[in-house]
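Shared between the two complexes below is chain A, which has chain B as its partner in the first and chain C in the second.
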Partner chain A sequence: MGRELYRAIVDGILYGGVYALMAVGLTLIFGVLDIINIAQGILVVLAAYLSYVLSVHLHIDLFVGLLVTVPVMFLVGVAIQVLFMQRLRGRERTSMSLLASYAVMIIIEGVLYLAFGADYVQLNASYVNNSVYLLGFYLPYIYLYGFGLAVLLVIGLYLLLYRTGFGRSLRALMQDQTAARLVGININRVSALAFGIGVAVTAVGGMVFGATNAFNANSGYDLISRLLAIVILGGMGSIGGALVAAVFMSVTEAIVDIWSPTWSVVVFYAALVVVLTFRPQGLFGQREARAQ
Partner chain B sequence: MRRNRTRFLPVAAGAAAVMILAACSSGGGSSSASGSSPSPTNTKPLIIGASLSFTGDFSADGQAFKRGYLLWASDVNKAGGVDGRKVQFKFLDDKSDPTQGSTNVQQLITSDHVDMLFGPFSSLITGPTATVAARYNFAMIEGAGGAPAVFDTPSNKARHNVFDVSYPIVDQFDPLTTWIKSLPAGQRPTTAAYPIVNNPFTIPPEQLAQKQLQAAGVKTVYSKILPMELPNATSVADQVAASNAQAVFLGSVDVPTVAAFMKAFQQQHYNPKIFAATAGPDQGAAFLKAVGKANATGVMTANGWYGGYDNPQSKAMVQEYIAKYGGTASDINSDVAEGYGVGQVAAQAIKATGGTDQTKIIRYLHSGVTLQSVQGPVQFNSLGMNTKPVLFVFQWQNGNYAQVLPTGAPGSGQIIFPKPNWAG
Partner chain C sequence: MSAGASPDTGRATGISRWRAARPALSQTTRGWTVAAVLLVLAVIFPQVITNQVATQIGVDTMLFVAAAVAWNLFSGFTGYISLGAAVFFGTGAYTVGIAALHWNITGDAEFALLPLAALAAGVVAVPFGLIALRVRRHTFVVITIAIFFIFQLMAFNLNITGGSVGISAPFLTWAPETFNNPFYYMALALAAGAAVLAWLIRGSRFGLQLRAIRDDEDRARGLGVRAMRVKLAAFVISGMVIGLVGAIWFFFIGQVLPQYGFDPLFDLSVALMTFFGGFGTLWGPILGALILEPSEQYLTLRVSNSYASELVWGTLFLLVILFFSRGVIPIVGEWMTAWRTRGQRLAGQPAADEAAAPGPAAPGPAQQPSTPSGRSAR
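Then we have the complex of A and B:
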């Protein structure tokens, strides 16, 4: 049993990295823009398909392909913000963002169905199927790389937010849009860039998701509820919180899987409810975020 | 003959009007079938409604089923239609959700006034939708609802409106377990694992296989029910790998679950002697696309049909499918044949009863008549199970979907055993 438990914890930490990669963009967008991006799941799938096209049709390595998919996803994010989200104003902005992003999700899903059909595909590379024997277990390279990328992304986004002038603009926007505008920050420009960055980091999550799961245009639905749960548990807007919450979720599920896989999801959501009862703002969120 | 029919048109129309008025005045009793009354002069399009999964977990199967239905419609329409009526489909997306499926069937019957209903994909959705159909005395002719839970509903026991043209899934692994038991003791797997996704389609055949193999001395080292929305199949697959079972019977309903297990097994350097899944490997090119041709070799599943099935109707359908969509016989999803077979059985019932009166169709299908389909002969028992199904075990062999069991059956080739190692 001890070995099984140890294995579950190691597995959970590694899988948590994959979920963190998909969730950090969602929490960044909410933290800066007060937008609940329901389209995050389908954006992950879109990124996975972009990696698939580069890998299968152009024979570009999955990681090298990120040099293309990250900028493309950045542009997709900017376009979504400019075309759909920028127009949302007033007190109902956050709730209206649910509807707007839902529309975005439906549009992208439809386009992906037309382009790729309903068949499932999966990304492949030697490091996707292989593993290294470490600590008494075979640890798949793709999960190790995914976890490493998740840590790097969290550090990168932290540095962007707290060590750059652009980050100051973003944080000003997070605190008070009106005041930010009064001190000369171009709200529309910063918002578009923030949304773009949020979606760009999803490109990395999409690639790792596509390498670890067979997916089709519909796969975003299964993801979004879990990503939202991670972001809420970590604290909406907290980038480090997303990583911690993703790892907590995966470790909890992997441990419960030992006894009863049927209960793994239930136990995680029960834990989520308990945490939110005592900390409504999530593990690392600020109270103001919940008040919105 | 044509002229005679035309002469009776006003009379038939008048009779139909009286029947409609009578039905309305009776308060819409559920026994009145909403299908068109039988009339040899009826040349209106035959509207067939089907709720299929175009989005959600079963979207790949839903699309394949739609192809089967449309391919059948195209064939019968080319030949003049069913009983002179051109077939038109009204499809609704159930999003892989039983509740939405039930709503769709209600809409198809009460708002769209379809003449016939064809089944959705999977036992999970067929059961509840058939119950709705029973309220309106509609026959639910289907090809992917073979679980006992579909037949054992109170509505079906009362109305007997379910007709599954495919095989009853509880026996799915029979040929495989029989073969395993026939192996010499030195070759026979000694341990087996049964990870089973919680679905009415997967549990009965898995539990039966487990019971049969345990009785034959094959020790169960893993047997757990997994949630339908399995968040992380890799974690469970790692546990199965850690059990080191020599045979794995995966109770799956889709390709991603099978693909996740295969990938995790490969990452864990674990290769069972036998790897069989209830569904997923039967999806032809869609399966190979997800897992890769080389890795698929040795993977098994059981089904009632495959592209190389030695049946004249099946061969004709396969040729038409390839002409329309390309590929090879191995690429064709068995859902296509199941959908096509539904159409064939329905057409024979409509012709035999002279229309779409649902009461007559239900009575006819329960009459013990043997019908023909691309999946072979079809005869229904009192609960609508096919009592004359053919059942094969298939194994992917270097990109070919090969029939390997039952041993000695026409078309059964050599089984690759033990399963070769993963291709890397």
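Then we have the complex of A and C:
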């Protein structure tokens, strides 16, 4: 029992790191642009399929393939922002962008179904099948590698945000768009880059997700509901909050999973509802300002 | 403010207001005429066109009219965009399904369970609303999505809902060639009832409070609107109607599966139809559903590949959001007004032209400049 619990916690933390990475992208896009990118889930699946194509048809190693998928996903993100989101104006811009990204999600889902069908696939590599004996039990290498990469990238994102000029303009944009424009920040450029970075992280998230789960185009719904829950629980726009919430979700799920696999997800959502009842802005979120 | 009513409310000075009031009056008469014609057409439709595929599309369309009107009744009037409508749809469907199963209700008697669907959806709407309505705008949208997924997961995992196998409806021993008709009239009655309800609410003090919340919730509260209570009431009413839609749909289809009872595409479809027709207006959701649902069904019939039709549907949705987010009806209305007034000017009457310009001619040109800044999202 104690051993199972211990294992569940380790599993949960390792997997939580990957979710954290995807959720950080989502919360970054929201924080900078006030856009809730509902398409984030299907973009993870798209990235997973890209890795799948590279590894199955071109026999490129999954981690080497990231050199291709990360820039591709970055460009996809920039394209979504420039082609669709940037055109939305007016008071209901946020709600409209949410609907627009929902539409983007459906379009990408349709394309993926047309291209790959509804069959489940999974990414394969030696380190997906082989396990290492660590901390008292066997663990597939991919969990360790994925977690390590996710941690590195989150640290990288943190440094980018808090230690560079670009990060400074990003944070300025998060605080006050008008003021940021007044001090000479190119809003459209920074916004497009932020959206691109927020989507680029799905390349890594998608690769690890695809290696640890069987997926098809429908997996996007499950992913986005989890990611949204993480981002809301952590507080919209809070990067630290997304990290904490991702690990919390993953560990809770892994622990409940010991008793009842079917209820593990529901427990997390129930926890979310309880938190929201007492703190509508999430754990680390700022209380919303006046609506207008 | 809806785009339909706005042209004559914003103007101040005497004569122009008096002049503007006249087209508004004739517009109301025209509205009643259109409503009467549409209703007559809708009533005789299954008598004239007896093709079963057509009547089946008719049932689906009427159900979506009812759902879109009900969705608009809360979301359109208050500005709180809910993407959790399927929660009520699924609740209605599952409630009558489970009740029929446990009480061994068979045949036509199943329709006696319909009020139960509305009741259950209303009961679900209260805690849902109490949690979700504490936050505004996008946070509200996201929470409705999260709660929607909780319900879908529960439908998959609970024993009472039959898990992924779902629940089957009692078998109806009706003649196949007229099987769709009773459902069509039920759905039509529900749609008409919902539209009348929306019309009554819109003209009432309650409706005014809802729209005050949409324009500025804090100010409305400052003026004494009990925002939470008002929002929750609209949310519950809207949910009850959508619950009825789900129940009728369940009897019509004959079974409910978690992914169709709690279908994210349903959430999206009602929102899309309303935005397409005109968000927050009375006619918007009706016309949006009347145009889009048959088109989508036709598309699905033509394009045998359902994934391709999903692709087209998503693209259509995106185009509506990007270019028609104020609604096709307000925009086309403006075009028509602009076109008509240009004709008037070309016709001459140099003396009357000066006086007439601020009057009937004003709504078109006067409203257009204000759109990019203020109302572009409506």
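Note that in this section the second predicted complex is superposed on the first by the 283 of 292 C-alpha atoms of A that agree within 3 Å, B and C clash if a C-alpha of one lies under 4 Å from a C-alpha of the other, contacts with A are read in each partner's own complex, and residues count from 1 in each chain.
In the analysis below, a contact is a pair of C-beta atoms (placed from the backbone, for glycine too) under 8 Å apart; a residue touches a chain by one contact, two chains touch by 3 or more.
This structure is a prediction, so every number in the text was calculated from the model and none was measured.
When both complexes are overlaid on chain A, chain B and chain C end up clashing with each other.
When the shared chain is aligned, chain B comes close enough to touch A:A214, but chain C does not. Of the two partner chains placed by the overlay, only chain C lies in contact with A:R87; chain B stays clear of it. In the superposition on chain A, A:S238 makes contact with neither chain B nor chain C. Contact with chain B, but none with chain C, is seen for A:S126 once the two complexes are overlaid on the shared chain. Contacts of A:G12 after superposition on the shared chain: chain B is touched, whereas chain C is not. Applying the stated contact rule after C-alpha superposition, one finds that A:I107 touches chain C and leaves chain B untouched. Looking at the shared chain after the overlay, A:D257 reaches chain B, while chain C stays out of its contact range.
Using the contact criterion defined above for the overlaid structures, shared-chain residue A:M96 touches chain C, although it does not reach chain B.
In the superposition on chain A, contact is made by A:V273 with chain C only, not with chain B.
Among 4-12, 40-48, 130-138 or 166-174, the region of chain C with C-alpha atoms clashing against chain B is 166-174. Residues 109, 221, 262, 265 of chain A contact both chain B in one complex and chain C in the other. If you check the complex, the residues on chain A that touch chain B are 4, 7-8, 11-12, 15, 109, 117-122, 124, 126, 128-131, 138, 140, 212-219, 221-222, 226, 250, 253-254, 257-258, 260-262, 264-265. Taken together, the chain B residues at the contact with chain A in this complex read 54-57, 59-60, 62-63, 198, 224-227, 229-232, 234-236, 238-239, 242, 254-256, 259-260, 263, 266-269, 285-286, 289-292, 422, 424. Chain C meets chain A in the complex at residues 79, 81, 83, 131, 134-139, 141-143, 145-147, 149-150, 153-154, 156-157, 216-218, 264-265, 268, 271-272, 275, 305, 307-308, 310-315, 317-318, 321-322, 325, 372-378.
Per the touch definition, chain A reaches chain C in the complex via residues 34, 36, 38, 84, 87-96, 98-100, 102-107, 109-111, 113-114, 221, 225, 228-229, 231-232, 236, 262-263, 265-266, 269-270, 272-273, 276-277, 280-281, 288, 290-292.
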